[in-house]
Structures are given as C-alpha cells and as structure tokens.
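Note sheet for the following structure.
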Amino acid sequence: MLDKNGIAKRIAKEVKDGYYVNLGIGIPTLVANYVRDDIEVEFQSENGVLGMGPFPFEGEEDADIINAGKQTITTLPGASFFDSALSFAMIRGQHVDLTILGAMEVAENGDIANWKIPGKMVKGMGGAMDLVASAENIVVAMMHTNRAGESKLLKRCSLPLTGVGCVKKIVTNLAVIEVTENGFKLLERAPGVSVDEIIAATEGHLLVEGDIPEMQL
Amino acid sequence: MISKKVANVSEALEGIKDNMTLMLGGFGLSGIPENSISKLVELNVKGLTCISNNAGVDNFGLGLLLHKKQIDKMVSSYVGENAEFERQMLSGELEVELIPQGTLAERCRAAQAGFPAIYTPAGFGTEVAEGKETREFDGKMYVLEHAFKADFAFVKAWKGDAAGNLIFKGTARNFNPVMCGAAKITVAEVEELVPVGELDPNQIHIPGIFVQRIFEGKNYEKRIEQRTVRPKL
Amino acid sequence: MLDKNGIAKRIAKEVKDGYYVNLGIGIPTLVANYVRDDIEVEFQSENGVLGMGPFPFEGEEDADIINAGKQTITTLPGASFFDSALSFAMIRGQHVDLTILGAMEVAENGDIANWKIPGKMVKGMGGAMDLVASAENIVVAMMHTNRAGESKLLKRCSLPLTGVGCVKKIVTNLAVIEVTENGFKLLERAPGVSVDEIIAATEGHLLVEGDIPEMQL
Amino acid sequence: MISKKVANVSEALEGIKDNMTLMLGGFGLSGIPENSISKLVELNVKGLTCISNNAGVDNFGLGLLLHKKQIDKMVSSYVGENAEFERQMLSGELEVELIPQGTLAERCRAAQAGFPAIYTPAGFGTEVAEGKETREFDGKMYVLEHAFKADFAFVKAWKGDAAGNLIFKGTARNFNPVMCGAAKITVAEVEELVPVGELDPNQIHIPGIFVQRIFEGKNYEKRIEQRTVRPKL
C-alpha cells in the first residue's frame, strides 16, 4: 500500500519530456518532487505562472509569487507571469498537456466530483471545472477509500459533479486504474496489495484482465 | 494625457452606495485592493454583491466585509479558508454563486471587451450549468455564460501613472487586469504612482483607458496565506 | 464652402476634454491638428496604440510605430502599445468616447457605407465595422457630394453597408447635420453656403427648422 | 525549461504542405514574419488559405505569395494598397473573405483560448452577417463568429528565448500575440533570441507554452508603407 508520497511518485511516471503540467492542491503538488531529472517539464499554476520552481528559501518568500494553493513559490529561468484570462486560455485551449488533481469520487464512466458536499462542505471548484472540461489527459490522485472506509471509485458519483466523462487514469494508494469504455480497468497493483483487496475496495465495476503487475516506483 | 489621479482612497470611492455590485481583484490574499477594502469597511456600505475569486480569510481581505455583514451575495470560484464565510453561507445569511475560475475570468473580460456572453466547456453536465443554455460545437458541449454587470471594479497594481496605466507584479496580477474596464467605474490602487512617461509604453499591462480613478495606496500588509519555504543551505 | 482642413477644424469642436478618440483614415486624421490646446485628449489607433503624438521628425521614423493608416507616428508621455484583441476590447467595450470616420454614403436612418463598391473597389472594412457597431458617438467626415456631383446623404444607402443606424452626426464641406429619428436635421451651414444649396445637395429628407447659423470655426 | 528552438527557418517550416491554412501576424507591413514568408515563397507551396489582416503590397509581404499564385484564399480585413491582389480578386482567381478587424482578432483568440465561437456586434445588418446566426442580448444585435482552424501560425516578435517566450515592440505587436497557439503549430521568428532567464517573467507578452518553434530571423527589411514625417527644426 502506498502513502501520499508513493502515489505522487507513481504519478510522476506519467509526466513525459516536454510536458506542460498543471498540478492540483494536495497529493498532486507532491508530484513535482519525483519527476525525473533528465526530462524537461514546466509546471503551470492557474493563478498565473508558468515555470514554477521549488519553495523559496526561508526569508526569501514573496507575497506576490504564489501558486494556486496560495503557497509561496519560486520561478525557474524561462518562467512567465500572466493574468487569469490568459492562464485559462492555456487550459481551455488545451496547451497544457497533463492535469493531475485530487477527487472525492470518480465514477466508472470518468465522471469526477471534488468540490462540494451538499449542506456540509462547500469550498468551490476553483479552476477544477475548467481543467477537467478542457484537458485531454487527466490523472486523478487520491486514496482508494474515504475516511469512513468507503470506496471512492463508484458506479456513479453521489456528490455534485465537477466534470463528466473526463478522467482517464486514477492512481490510488492501492492501484493504477484506467477509465475505459467498459468501466474501470486495473493496470497495476501497489506493492503488497492483492487484486482481491483492490476489487473489495472498488465499488464500480473493475475489469481485471490477465496478470496484474506490481507498480514500479 | 487624460489624468485619472485622485487625491486618496476617499475620493476614489466617491459614489459607492448600498446594494451595488463590486468586482474585486486578487487571488487568495495576493493582489487584493487592500486600501479600497478598508475604506469599504469604514463606509459601512451594505447589501453588496461582490465578484471576487475568493472571499478573503476571517480577519483580512473580503473577510473584513463579511464580518460586518456588508455582503449579501458573493460570486466566487473558491471560498475555503474562511470559517465565518462558511457559517453565513450554510445558515443562508449569505447568498453564494460559485462558478468555475476560468468562467469568472472570462465573464469579467466579456464585460471589459463588449461581449454579451461566451461559450465555455467548463461546468457542462454539472449543477453550474443548470438553467443555462448549453450547445454543441464540433461534437463538444459548451455552456453559455453572460458578461458581468458591475458598478465598481477595485483593482490593485504594482506601479501606475496618472494616465491610469498599470503594471502588475508576479501572480498578484491574476484577475486584476480583466476587471479593469469591466465595471462602470474602475478604481486602481497602486503601490507606487510614478511620473507619467516613466513606464515603458511597450510594457504596460493595462492602458489607462480602462481605469477611471487611480491613487497610491498606503500600508500594504500583503499577507501570505501559506508560507512554504525550504531551509537555507 | 469648406475644404478638407475646414471640415477637420469643425469636427475638432466635437472633441471634448477627457475624450479618447479614434480617428479614421483621410479627413479624420487631420482633426488632431485642430483640437484645442487647453483640453486633454488621447488618440487611439486600432492597430494597437493609445496616446499618439505628431508625425516623427525626419530620420526618426520607426517601422514598428505606425497608425492604422500605416503612417509613421510618435507617442506622447503616458502612451501604451497593445495587441489587436485588447485594442478592439477598447472599441467594442465602449471605452473610446468618440469615433470619427469617412464615408461613401450615409442614409437618413444613420446607416453608413464606406468599404466596398461591388465589382469595382474592395479595400475591406478594416476596423470600421467594429467601430460603427460599438461606438456610441460617431461623427462622419466627408464631402457632401461625390466626384460625379451626386449626394452622399441619401434616403437609403445603395452600397453595401458598414453599419446600421449608427451615425449620429455628419460634417461635410457644406453643413453640419444631425441624424435624428425623423431623418437628417440641418444644424449649421458652412461659411457662404445657403440653406437652399444644402437642400439641393442632399438626397435624403432634410429637416430645416428656424434660422440655421453659420459654423463657427 | 522546454526548448522550442530550431536551427533555422527551414526547420521551422517543416511539415508545411499544399492546401494548408496559415495565420500570419502583422498589420500592413509592420510585424510581419518576413523570414517565414520568404521561405514559403521558396518552398512554393500552393493552394494556401491565409488568415492575415492585410495582404501585403505588390512586391513585399504576402504580395510575394500572391505574385506566385500560391494563395487560393485570403481571410483579411483590409486589402487595399495591392494592385495584383485586386486583379486576382476581381477576376475570381483569388477567393477573398473580408471580415471586420476586431472579429479577425477574436476569431484568432477564440482558437487560442479554446472558445468555439463568439458573439460580436460588428457586421450586424451588413453582408458580413449573411448566412450567420444573429442574436439579441439586452436589446442589441450580435453575430455569431466561429474560431479559426489553422495548421500553422507564423508570428514575428522583437525578442524571444528558447523557452518560446515572446516580447513584441510597438505597434508591430498587433495580431501576433492572438495568433500564438491559435494554430496546430505556432512558429515564432524573432529579431533577437536572448538567453533563457534574460527576459523579465513579469514582462513577457506571450508565454512559451503557445509557441512550438522559435528561431532568430535574418535581414529584416521592416519596410515602411507611409513614411510621414515633420521637418526637423
């Protein structure tokens, strides 16, 4: 079973040379730490920066240079700042190659819910609805089950949707799963996790074909 | 050169009344019009509709207006990090319209640029699209979203001049440029008001034509919400 | 009767303190020369400049700094350059206060034609269609009649339209005319021109009420 | 940093074929991609559709392609100042779609920003609106205009870096920024290619994400169409 850093590490393998990548808040943010050194990747943050670098050194943080999670950041050579309209032009215009975001629920048809629990929690969708409606390559990073132990991979989402039929791949603490026309398809098992454990933790229909390899991290 | 310079924040906010619709720049607490917000608190105008990506935190930014119950309605994309906001929203005291962040930006730009509405894919199939026109183009579905109508836009820039020209800094730029000229009156507060002619005409982010009033702000706090750092080597 | 400079001189009186003004090619360009010195005005050119100044001194012309007529220009302190999208945001968004342009024909309902003579001359509309569809304050600068001596102020335009019902005022070599709900209304006569001469040169219906003053230039 | 740098104009134009749709920046002869145009002439690709505000003059700019009859269709807003163009158009050899200048800019931006179409007031009630959907919003009429679809966009900037970041100069900016990222492949030629990190991130007009190939151009003529001057005092 993986921890959050393990999920981030596995997702980092989805990041290819020459990709512009948008990382959501939470586990996705950690992905930047595990991207291979020998490829060129640029991180976009929808609040208006391309070419994000690591966190600043203590004492060098700048209130005017933050990411979408409101964290202080730095920029790398070749970076640029821009307004929100141009930022979402990058996203809506499909110039960003890969979007990695968290979710509360994902359905076997690719629907995703991650912005609202009616009557309880309403933080808002931020840029997520634009991202999932536009991106061609969306990977969800999340725990396989919620705190109550219930599956987050469902036949149908029960929470208000963020986007419809958009998720392509899911990486959880238990597995790597592809969203296909026929529902969830198990691609990889987390180290030490059995196929049966994954099936048990997945409410939606899970296709299991042949031998399921263990993730290479 | 047409001068937009006003003496201070009081003059900049002349004409503000109860029940107006305001646009406010900023992302989180970055690039928010701190001086204008303080003055709105002081003037104690009520029944406001505020269009702003976020709603501040409990004791800063738009949180200050929420605390005094000056806001009737918020139009935002993300409102976490604010307990008083959540309380007012869940109790029904505060009306909240949550819309996708890119839609928020384009509804501002539509107002700035004279477009009545735009078609965006964001929110299709979700409750955001409920009651709205949807339409297919080339096999993909889009939602029709209308230009905002606002009385005042309050923006914050890094540098500006009396002609109303603005330059923003870093990610404090965010929604500020698209809100300029998107309301009947645009008020720009700047950290530094420089002499006309000092800004390179090639490097101006927002030309003065989009700004009606400009002043140099004071005592910027520029609070950081999530201070994330690496230890110095 | 006025010459082109006279028309420009009269139109300059329409320019008020604090106005952003877009000047079309031809006579409108001359208007800048006659604006009062004691008011503040900024000229916008739709190719991407606000705050245009006079022509450059010989030898100081710059191919990268031109107006919409492709003439080399200079800029004044406070000027800015921007792209075509932002330029037309200024125009479409009604941030420009006054638009002055030429015309081949104007109709008594405010229609204007100035971009095409079918089968003969097709230069294109350039920015004129955006300007006339958006501007709240449009003044046409033109000769009252064409080279064949035919009136350019018509009941209806015969040429393909540039915009419908948009012209508010017309300044010609003979007269200042307002476009009202009831058609053309004569406001002022050019020096030495009689009301009868103006009526004779105007094909559209011309309202003449009371004494018509001579223009003050 | 993702590098977009190519060795030269030949590499920049790899994949160009007959019957493609091209966007070309520039207003008049200001800010046109001179090197790319010369290469298009040399490659002698035919049957092109060119989206460009103007069509050059008889012996420069797109006029060079017109002269060799490489263009089947022009989509422009203003095509005066070009006798050969007028001849080909009036004789029917050349198909011409004239559209308002602001519409041209926004149809590019729509393609860049992922909008399928826009509503603009420009051209309502004229032959430009014939056959197009029109619609009323708030008592005013608008025409629905669709995003362009193009294979290549050729733009010219003043400075750029290997990351594809661009800065334009003066009114040579014009349509160049809105064409970046509006075609499948955007080729940027720059007067000066500077080392990565030299451009101020705050002052970049177009971030490199919108550019696929960049190179430093040569021998810019930068012709002036209307040389208007005052005598020196």
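Chains here go by letter, A, B, C and D, matching the order in which they are written, and residues are numbered from 1 within each.
We take it that a contact is a pair of C-beta atoms (placed from the backbone, for glycine too) under 8 Å apart; a residue touches a chain by one contact, two chains touch by 3 or more.
Computed from a predicted model, the values in this text were never measured in an experiment.
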item: Maximum centroid distance from subunit A, chain identifier (CA atoms); value: C
item: Mean-CA-position distance for subunit D and subunit A (Å); value: 36
item: Chain centre separation (subunit A, subunit C; CA means) in Å; value: 56
item: Intercentroid distance (Cα basis), subunit D paired with subunit B, Å; value: 33
item: Multi-chain contact residues (two or more partners), subunit A; value: 49, 81-82, 85, 88, 91-92, 134
item: Numbers and ranges of subunit B residues touching at least 2 other chains; value: 109, 114-115, 120-121, 168-170, 201-202
item: Overall pattern in which the protein chains touch one another (line/ring/star/complete/other); value: other
item: Every chain pair meeting the contact rule; value: A-B, A-D, B-C, B-D, C-D
item: Residues of subunit B touching subunit A in the complex; value: 27-31, 53, 76-81, 86, 89-90, 96, 98-106, 108-109, 120-128, 158, 168-178, 205, 222-233
item: Complex contact set, residues of subunit D against subunit B; value: 114-121, 137-138, 140, 142, 146, 167-170, 201-203
item: Of all residues in subunit C, those that touch subunit B in their complex; value: 18-20, 40-42, 44, 49-51, 75-82, 85-86, 88-96, 134
item: Parts of subunit B lying in touch with subunit C, wherever the complex brings them together; value: 1-3, 109, 111-115, 161-163, 165, 181, 196-197, 201-202, 204, 207-210
item: Subunit A residues touching subunit B - in the complex, by the definition given at the top; value: 45-49, 54-73, 81-85, 87-88, 91-92, 111, 115-116, 119, 122-130, 133-134, 160-165
